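Take a look at the structures below.
Heads up, the next two complexes both have subunit A, just with different partners, subunit B and then subunit C.
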Partner chain A sequence: MEDQLKTDFEKNLRDFSYSDQEKKFKKNNFNVFLEQGFPNRKLENWKFSDLNQIIKNNIGELTFYNDYSKENQIDKIELINELEHNKLIIVDGKIEKIDFKFEDKDKIEVLAEQGEEIIKKNINSLINLNNAFSNKFCKIIIKKNYSLKKPLVVYHSTNKDTKFKNTNSRIDFKLEENACLKLIDIFKDNSEKNFINIYYNFELDKSSILKNYKIDRSINNNIKYSYNNIKQEANSVSETFILSSGSKFFKNEINCDLIGQHSSAFVNGIFDLDDENHHEIKSNINHLIENTKSYQLIKSVLEKKSKAVYQGKIFVSSEAQKTDGYQLSNAILLSENSEFNAKPELEIYADDVKCSHGSSSGSLDENSIFYLMSRGLNYKEAKKLLINGFLLDVIEKITDEEIKNLIKNLLGVKE
Partner chain B sequence: MLKINNLNAKIDKKSILQNFKLEINPGEVHAIMGPNGSGKSTLSNILSGKKGYDVTGEVLFENNDLFSLETEERAHKGIFLAFQYPLEIPGVNTNVFLKTSLNAIKKARGEKELDAIQFLKLVKEKAKELKFDEEKLGRQLNVGFSGGEKKKNEILQMSILKPKLSILDETDSGLDIDALKTVADGVNALRKNDNSFLIITHYQRLLEYIKPDFVHVLMNGKIIKSGGPELALELEKKGYENIN
Partner chain C sequence: MRDKQIEDLKDYKYGFSTDIESIKAPKGLNEDVIKFISNIKKEPKWLLDWRLKAFERLKVLKEPDWQKPKYPKIDYQDLYYYSAPKSFKDKPKSLDELDPKLIETYQKLGIPLNEQKRLNGIAVDAVFDSVSVATTFKESLTKQGIIFCSISEAVQKHPELVKKYLGTVIPLTDHFFATLNSAVFTDGSFVYIPPGVRCPMELSTYFRINASDTGQFERTLIIADKGSYVSYLEGCTAPMRDENQLHAANVELIALDDAEIKYSTVQNWYPGDKDGKGGIYNFVTKRGLCKGKNSKISWTQVETGSAITWKYPSCILKGDNSIGEFYSIAITNNHQKADTGTKMIHLGKNTKSKIISKGISAGFSDMTYRGLVDISPNATNSNNFTQCDSLLMGNKCGAHTVPYIKNKNSDSNIAHEATTSKISEEQLHYCQQRGLNPEEAVGLIVNGFCKEVLQQLPMEFAVEAQKLVGISLEGSVG
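Then we have the complex of A and B:
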């Protein structure tokens, strides 16, 4: 892998015009990745999902070079038509299109220049990999007091002949004071056996609101990792909802730094897994100042040999008095071979806090099934009704009605 | 309508019903009384198709072999069990459940399914008759309902689904006297020449309000005595120990 990495990295640097500063940044990141490689189970964060093995077993050897000069076809990508939206289309890691057609143009700024950035060595090597290989920098700034009229949908897609490849994409977002962004990530894979690495950086200024809905519903054989880094100033709110379902492997990691008073973070999600799919949600909610709040609810429905992992961490620093932190996960295992792993972590250094966690897993209640069947529903209908009921309370956490209905439709949940 | 011949039932090798016999004709109301552990709930579970029992013998419902029918097929053919302990189903809206159930049965019978408006009209009417709080219909099924409300909900389901044979498994337990009367009124309103009831109870109390045609005493998995409504009164006086 090392030779391939070096060759592909050199090619990447040679073929695209990066500034000297960018080159330096990329080289530094590349060296860190070269040294560390893909994360494996020796790392605590990766003990339930050994990415190194998962890539080896499902893909084999990867290549890392993507030709960012070629124009990718985007007309084949199936767009969602249930709701009006702005678009950002990424193919093989390259941003092909940014279209804020519903918005006031002077309220949104798109930057292509990266400022000085210090590499955070301690996140993980995938961020370094991303920084080394991702294309031109892109930062979207939502101006003060502006709420987007329509959601921004980011389509993550691959070319149909892209195979055994690593693709990397990164977008930075800044929500200025009192700004509001609804961001939907949709995955539309046109090819298989790739490792797709996504990195988002969010700065939420005072009183801004970010709603990020990640919808991985289409069945595909790709391996995915997504990292959201969210920094929140006073009174800001971040709401993250993850529907984790279609990919072979998907790890969603959410890191949230609550640095302003009365800021709050919500991380909710559903694992709806079949076959041998293996998905993980890893959260780090860092309460770093007084009076902040976090809430996490994860529900899983696991068929066949599927495996879901939820590692939810709540960190409360010694300054962060009056923290309110909550997390809960419930899983229904529909097969003896399915697996749910929950590792709640609370690390608390303040003494006046309210934190709790809970986790449960079990099979569908046979008595409930019997009750419903005795009222004329067949087994399949009874099961479906119970599962919908089980998922409903987490779906109800979605604060945007339009998106809530979209997700209900995707899951076939009727009211 | 229902013919039970030499029914034996075991659970984990423990014999519960032995050579059980019972025949119910259209329009009849039968009461089965018995002490705890006599096999009353097993009987209702087996008739409605709960899994987990080893059974031998014959049960015919309108000349269909009951054991060849799945739980939901029995419901389609007109068997209804009002549960002793109705289950709480979180996340499932009571109205949605009722409509799904009614339409599943209508569909299986080849009848036209009800649309939302027709259904709401029906359910509101029935809820009013049973003094069932309409607001509860919009809530999750049985979640946060009192014991009495859960039982009323069973009778509400019964009155909407209009079964041919209704089995009431200790529907009176946990009901105060007003709720008991309402439930009894609901049952009596459904009594017709062509449908039947099997009422399972500990006490004679319910039978003051729903007059049975026959009373059977179940002890240790067998019917030890059958008679008219007067048998219930005798039981009340003498207790199960001294009946023979």
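Then we have the complex of A and C:
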């Protein structure tokens, strides 16, 4: 793999006109990745999901070079019709189209240049991989006091016969004071056996609101990793919802730094897994100042040989008095081969806090099934009704009505 | 009156050291020292070979470093691995021959070795530095066929039992400290309860580290044969010394069909002074195997001492319908650190486990609950309930919860809850309004917080533990 990496990286530097600063940045990141390789189970964060092994078993040898100069067909990508939206289309890691047709043009700024790296510390080698191989990433700035009229949908798509085994994409967002962004990520995979690496950076200024909905519903054989880094100033709100379902492997990682007072973070998620799919959500909520709040709710329904992992962490620094942190994860195992692993972690250094977590996993409640069947439903219907109710809890947490309905339709959940 | 009592107890009450001449093995860890230990204990060859095998394994093992409390590197070559009171070269036949200074030491500790004066009937095995010094109530236990003696004695008198069970729960190839113990263990208790016998009294061991620069490596092996029951208590203290001392014990419990073992610990090793100087490193491996059907192992621990506590008393629920329980109170104050919890490994069908953990941290201390619940695919219809609560006093300390929850069986259920909070102002106000001073009020509230666990302790221990809970938190209010 090492030789492949080196040649691909050389080619990458040669073929695209990066500035000296960019080159230096890419080289540094590349060297870190070269040294560390893909994360494996020896790393605490990857204990339940050995990515190195997963890539070996599902993809085999990876190639890293990506020809960003090629034009991709985008008119064939299936778009969502249920709601009007702005579009950002990424094909094989390349941003093909950015279209804010419903918005005031002067309120949104799109920069396509290499900025300063926002994260100073080393998170994991996949971020380095992303920085080394992704094309010039773009930065979207939402101006002060502006709320997007329609949500922005980011389509993550791959070409049917793509030659690029590994694609990396990165987008930075900055929400200025009092701005509001609704962001939907939709995955449309046409290829098989790719490793897709996505990295988002969010800066939330005072009183801004971010709502991010990640929808991984269509069935595909790809391995995906997504990292959201969110930095929140005073009074800002971030809401992340993850529907984790279609891919072979998907790990969603959310890192949220609450650095302004009265800021709050919500992470909600659903694992709806079948076959041998293996999905994970890892959250790090860092309460770094007084009076901040976080809430996490994750529900899983696991069929066949699927495996879900939830690693949630609440960190409370010694300055962060009056923190309110909560985590809950529930899982229903429907098959004897399914597996649910959880690690709800609390790391607390302040005393005047209210932090708690709960986690449960098990089978469907026999008594409820019996109750429903005694009222004339057959087993299948009874099961469906119970799961419906189980998942509805999380969906109800979605604050945007339109998107809530969209997700309800996708999951076939009714009220 | 109470103020005076508190004043007396404020400093570590067991901090004295006893001036007794002792025999030590040469400093350092090598084959010769292991042979020296084995030789002085007149051990059979198989045991020496076993130790050497562990030592071989130790050479390739690395010290683990994933734990939360970090500590300066231990120089294993700078420790004494064997230290015994000199007068013990020829072990005394009866208590009358004991060195009076030793008896005095144990009296200071509040452990009467003098059988006649005992009224409440607890059989005691006392381990001083590396050797077991006295075991009481031997006769009445022998009548029932119960074997309760030091492990060195068991090696001589019941080699077949020791050989059969030693290392079956904690194998030679386990982690670094367990393997270190296997290579150099010196003494400890051995208990065997024959089939169908309900042990008529609580069995108890008191461990004491006395000599400086010594590590204490004791090994306890408890076997409850079919249908038997035993309750075992363990207490530990050490003198105040400026340097850190290592305590790496191994405890193995084996419960056969329908047997029950209850293991209680009140750990009060010297925690170091107010600035975190000195104190014991308590790196203990405790593991119980519910080997037979319907067996039960219950761990109860009150951890108030040690500079660093790092242990996870575990249950391997192998037999169908077996039950594992873990009740824990861990209190850290000043610069103490604790990383403790349990592992419940469900292998058999219909197995149940329950974890209640209460952590209290004050001062500059750091407390971590780390636990594993693992339900394997074959453990159909298993259940686990976990509750871990933490209480923080002040914003210089930390409380962390790191549970690992793995469920691979769809017919099994796991429920886990955890909370972290502080003592509410209202509760404090209420108590103070009724005439308690702040420290008494905190003591009262903390005792209430820990009640679920304290209830699990045998009477005599519960009283001691309750007092200990109060004392450990002295000076943490305000």
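Definition applied: the second predicted complex is superposed on the first by the 409 of 415 C-alpha atoms of A that agree within 3 Å, B and C clash if a C-alpha of one lies under 4 Å from a C-alpha of the other, contacts with A are read in each partner's own complex, and residues count from 1 in each chain.
The working rule: a contact is a pair of C-beta atoms (placed from the backbone, for glycine too) under 8 Å apart; a residue touches a chain by one contact, two chains touch by 3 or more.
Not measured: the values here are computed from a predicted model.
Superposition of the two structures on subunit A leaves subunit B and subunit C fitting side by side, clash-free. In the superposed pair of complexes, A:358 makes contact with subunit C only, with no contact to subunit B. When the two structures are aligned on the shared chain, A:393 is found in touch with subunit B, with no touch to subunit C. Of the two partner chains placed by superposition, only subunit B is touched by A:373; subunit C is not.
When the shared chain is aligned, subunit B comes close enough to touch A:385, but subunit C does not.
The larger set of touched subunit A residues comes from C, when the choice is between subunit B and subunit C.
Within the superposed three-chain model, A:347 lies in touch with subunit C and out of touch with subunit B [touch as defined at top]. In the superposition on chain A, A:335 contacts subunit C only, with no contact to subunit B.
Closest contact between subunit B and subunit C, by C-alpha atoms in the overlaid model: 16 Å. The contact surfaces that subunit B and subunit C form on subunit A in the two complexes do not overlap at any residue. Residue ranges of subunit A in contact with subunit B, taken from their complex: 365-368, 370-379, 381, 385-386, 388-393, 414-415.
Every residue of subunit C that touches subunit A in the complex is listed here, in rising order: 66, 377, 390, 392-422. Here subunit A touches subunit C in the complex through residues 44, 318-319, 321, 331, 333-363, going by the rule given at the top. Subunit B meets subunit A in the complex at residues 48-51, 70-72, 74-76, 80-81, 83, 86-87, 89-93, 96-97, 100-102, 104-105, 108, 140, 157, 161.
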